[in-house]
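In structure tokens below, several structures.
The following pair of complexes shares a single chain, chain A, combined with chain B in the former and chain C in the latter.
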Partner chain A sequence: MPLINLKMSYIHKFFSYRAANTLIVFVGLILFFAFFTPRHVFVNPRNITSLSKLMPDLGIVALGVGMLMICGEFDLSVSSVLPLCAFIFISLLKVNINPSFALCITLGSGALLGLLNGIITVKGRIPSFITTLGTMMFWRGILYVGSHMWPIGLRAYLPPGSVFEHIFVGKIGGIPVQVIWFIAFAVILGIILHFHKFGNWVYATGDNKLAARAMGINTDRTKTICFIIVGVLCAFVGILQILRMETFGCTQGIGFELKAIAASVVGGTFLMGGIGSMMGIFLGAITIQILENGLILMRVPVFGISAFIGLAIVLFVILNTYIERRRTR
Partner chain B sequence: MAIRRKKIYLLSMAILVGLFISWVVSPIALAVTPPDVDPEKSVEDMYFRLVTHGGDDPFWAVVHKGMLDAAKELGCKADIDLCGGDLALQQKRFREAVAMGPDGIAVVINDDTAWDKPVEDALVRGVNVIGINNDDKEGAKGNARICYIGQSERRAGLMVARRLFEKAKELGWDLTKAHVAMPVEVPGAMYGVVRAQGVQDAMKEYGITSFEIIDAGGLEASTVEARETSYLLGHPETTFMIGLGGICTDRITDSLKATGYGPGEILGGGFDCAPGTLTGLKEEYMVATIDQQQYLQGYLGVYVLYLMKKYGFAPNIDTGGYLVDKETLARVVEELSPLHIR
Partner chain C sequence: MGSKKSKENLVKMLNIHKWFGKVHALKGVDFEVKHSEIMGLVGDNGAGKSTLIKVLSGFHRADEGEIYFEGEKISITSSLEARRLGIETVYQEQALASHMSISRNIFMGREPVKSLGFLNKKVMNEESMKALESIELHLRSPDTLIAMLSGGERQGVAIARALHFKAKLVILDEPTIALSIKEAREVLEFIKQLKKEGITAIFITHNLYHVFPVAERFVILNRGEKVADVEKEDTSIDKLSELIVKEPLAGETL
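Up next is the complex of A and B:
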């Protein structure tokens, strides 16, 4: 009897985690695709390697965007900040700046662009949706003027096989390094969000800004730091993409702004802020990508694949809302 | 009196016949509207506009450069609109441009019906309008634009597909069992639809029946690569992958590598000369790509509008269909690509 109670307690505890439903769906999808894709191609090492190489692009951006959403804000400018930072990086390489130094400057630029979003939002007291919509268009315009939309090949400025490249897009034991970066960022941001006082500030700011202020939390600073984190992560992904594709293209990151929000929502993050978890966002980012991958592998007509993904997002939101209602009842 | 009545009767009949003939031939007359010519106007005072559906990709950067180079050489002014595939926005920009009263507009006719009236209205207002990059499926019969500069998309699709299928025949492949995958960035966009028709024309010639057009998920390269890779893994029957746009073609090589195919195991081909495509040609993952020489669409667009305003010239120019393979790659493309001309 006590054993049953203990088991029930574990099950109850498991379901009390916000990411539990995402985890269940995630595991369910993996099992479903593993069993039902022709020749079990979903678990083919080539497919797993390919997913591990490509998923972190959106995943890393989604980690930052999700954290910002928990804080009660949005960032639509990621699709412009990412290619702009990538352009800064390749431009620095063109003028013979050391790649490591170029990396630092690029990450700093990302932070600066995030800071700008934060300052405009909190000091201007305007919705971040509008701020970042404006900066998305502004930075994209600047990018067009600066780059003339021309692709810039990497190999003229960084020879293949450099240590720098291996650190970001190499392989360790056959595993693409990108996925290790993705996990590392998720762990670091997870620790900050769930085990550091800054995480409490993020939740409090997103849940009830006025109450958070009354508790002495500097909500403006909290939001601005979250915007900076998004900017840095975008810059990082911009560099990853250049190193992987060996070229800069100004279409990098297009559409990431909505996909990152979708990934966060699938991971249980509420659009109104205050609710969400890093594990959920991490799983959400993977889930929407394996859903696409699995459906194509199952030979679903690729022409209509977006319909399935859209449907999945809506179902996830309905599920999350239902579970949250039951939890707070 | 009788003679006078007869004269009035004949005159009336002549007027009626004249009205009837003008009514009958008016659509024809509209289709061949003569350009607005002003030989006295100084080139420095001329202003031309390119209204395109293009987006933020390298293809349109080259068109833009062609336009700028021509404007610089002539000493006139020219602007380009890039509407990112938004037809409503493109039409709005077109009407705004017409309202400015420029000396000529080059428009991408990316819809068979949506551009009929705007172009007719502009011509009525005395603004010369030519088509670039994409034309009405029926050409001058379908749209009143004065002339067209660009490639025949259907012919281009046919050419690249023929080249791939011919290569497969050389390798001794059984084409009756072949499967053609055609990823496209913007499903339903005219360029993809017409190019796919060209590929299908070639498929009929070679007895290939199996094909699929793939929604590659937009312009973002990681998404395109992920979808192409998943497709290749899930469809091992694929023998040809033909990208219908520049970004889809660019990502084919990396997708083939990711799925473990070696050069020549699946034949790749497509459009434009993006860096990944050139690498694929060198490494023989790609057999051929069509260079539509889009620099000429911007460059000649401005020149033709200038010559039209000055002398009334209205030439139709086919810029495309230049097949690039491993042999022609170094000589033609690699020298000009760094200059952003191809």
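Up next is the complex of A and C:
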């Protein structure tokens, strides 16, 4: 009898864990696609390798966007900040700046763009949805004019096989390095969110801003820092994509703004802020990309895939809302 | 008004005026709170209770008047500063984050940390349980989410938080307003525990039946003016309620 109780309490604990729903769907999808894709191509090493090269792009951006959402804000400008930073990076390489130095400047630019989003939102006292809608369009316009919308090849400025390149898009023991970056960012941000006092401020700000402020938390600064984190992560992914594709394209990252929100939501993050976990966001980012990949392999027409993803998001939010309501009852 | 008197007052507010645009919300209120007393600040809606208290807790600045705390003249410009002085407010819009745990709420903004700013969860959990027990609030775990607590228990957490941070003065801004009868009674018990701990408290409400059994002295505001300042033994609920609703001057009524 006590053994059963113990087991029950483990099961109970598991279900009360916020990322649990996402984990179940994640595992379910993997099993489903492993069995039902033609010739089990989903679990083919080649598919897994290509997935693990592609997934970190959206995944890393989503980690930041999800944390910002927990804080109660949105960032739609990721889809413009990302290619703009990529453009800054390749432009720096063009003028013969050392790649490592160019990397630092690009990450700094990402931070500044995030800071700008934060300051406009906080000081202008407007919803970040509007701020970042504005900056998304603004920076995209600047980027299109600045780059003349021409792609720029990487190889003219960075010969293949450099150590720099290996650090970002090489392989370690057969595993693409991007995956390791993705996991590393998730772990670092997870530690900050769940074990550092800053994480406590993020949750408090997103949950009850007035209370947080009354308790002496600088909610404006907390939000702004979250915006900066998103900016830096976008810059990082911008560089990652250039190195992987060996070219800059001004349509890099298009659609990421909503996909990142979708990934966070699938990971159990609430649109109103205050609820979410880094593990959930991490799994959510993988889950929606697995869904996309699996459906393509199952020969669902490419243009019809968004229908499934849309369906999945809505179902997920319904499920999460239902579970959250039961948890707090 | 010798210096002796000001010493036994924890708070003394003199001639406080506050305008909101053309509205004269506080019309020269004098206000004192003695050491370790529970004082009832009573008045109808719009009488100026909350405004007065927000001046004291740093939310508003008085347009005129002086504030003394522990005998020293002070000017409170922010809620952070008020808290540094030892003035903690339990707001009517419960200042808790409902999807966070009890211990994370109690230490919100003042987290005990190990090196590099990482939370010291052990201290957080132990200290929050201690704080809750000091007001006789027995909850299972410091990891319980606020959303799972009753309204009374939530106010208890907010009061325990004030207590933990060694508040010299706890301001309870309508702590029973949104609660059921049973929950309100729980909160009144917590307030009695505060008194046992020797903490000074201002209990703001328009519900005389809640404040009367708990407080020792009553200040009544009516349309931005102080109309009474009486000890409990010199008054009754009936007398007080008459003062609350009385029109200040017959000629002013329309």
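The rule is simple: the second predicted complex is superposed on the first by the 328 of 329 C-alpha atoms of A that agree within 3 Å, B and C clash if a C-alpha of one lies under 4 Å from a C-alpha of the other, contacts with A are read in each partner's own complex, and residues count from 1 in each chain.
Assume a residue touches a chain if its C-beta (ideal position, glycine included) is under 8 Å from a C-beta of that chain, and two chains touch if they have at least 3 such contacts.
Just so we're clear, the structure is a prediction, and the values are computed from it rather than from any experiment.
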item	value
Combined model on chain A: chain C and chain B, fit or clash	fit
Touching partner for A:129 - first (chain B), second (chain C), both, neither	neither
Which superposed partner A:322 touches (first chain B, second chain C, both, neither)	neither
First (chain B), second (chain C), both or neither touched by A:255	first
Touching partner for A:138 - first (chain B), second (chain C), both, neither	neither
Vertex chain A, arms to chain B and chain C (CA centres, degrees, nearest 10)	130
First, second, both or neither for A:150, with chain B first and chain C second	first
Chain B versus chain C as contact partner of A:275, first or second or both or neither	second
A:198 touches, of chain B and chain C: first, second, both or neither?	second
Which partner reaches more residues of chain A (counting touched residues only), chain B or chain C	B
Contacts of A:214 with chain B and chain C, given as first, second, both or neither	second
Superposed arrangement (fit on chain A Cα atoms) - minimum chain B/chain C Cα distance in Å	35
In the complex, chain A residues that touch chain B	37-38, 41, 44, 46-47, 49-51, 53-55, 57-58, 140, 143-144, 148-151, 153, 241, 245-247, 249-256, 289, 292-293, 296-299, 301-306
In the complex, chain B residues that touch chain A	55-58, 60-61, 64-65, 187, 212-215, 217-223, 225-227, 229-231, 233-235, 247, 254, 258-260, 274-276, 279, 340
Chain A residues within the chain C interface of the complex	195-201, 203-204, 207-208, 210-217, 274-275, 327-329
Residues of chain C touching chain A in the complex	79-80, 83, 89, 91, 93-100, 104, 107-111, 113, 116-119, 121, 145, 147-148
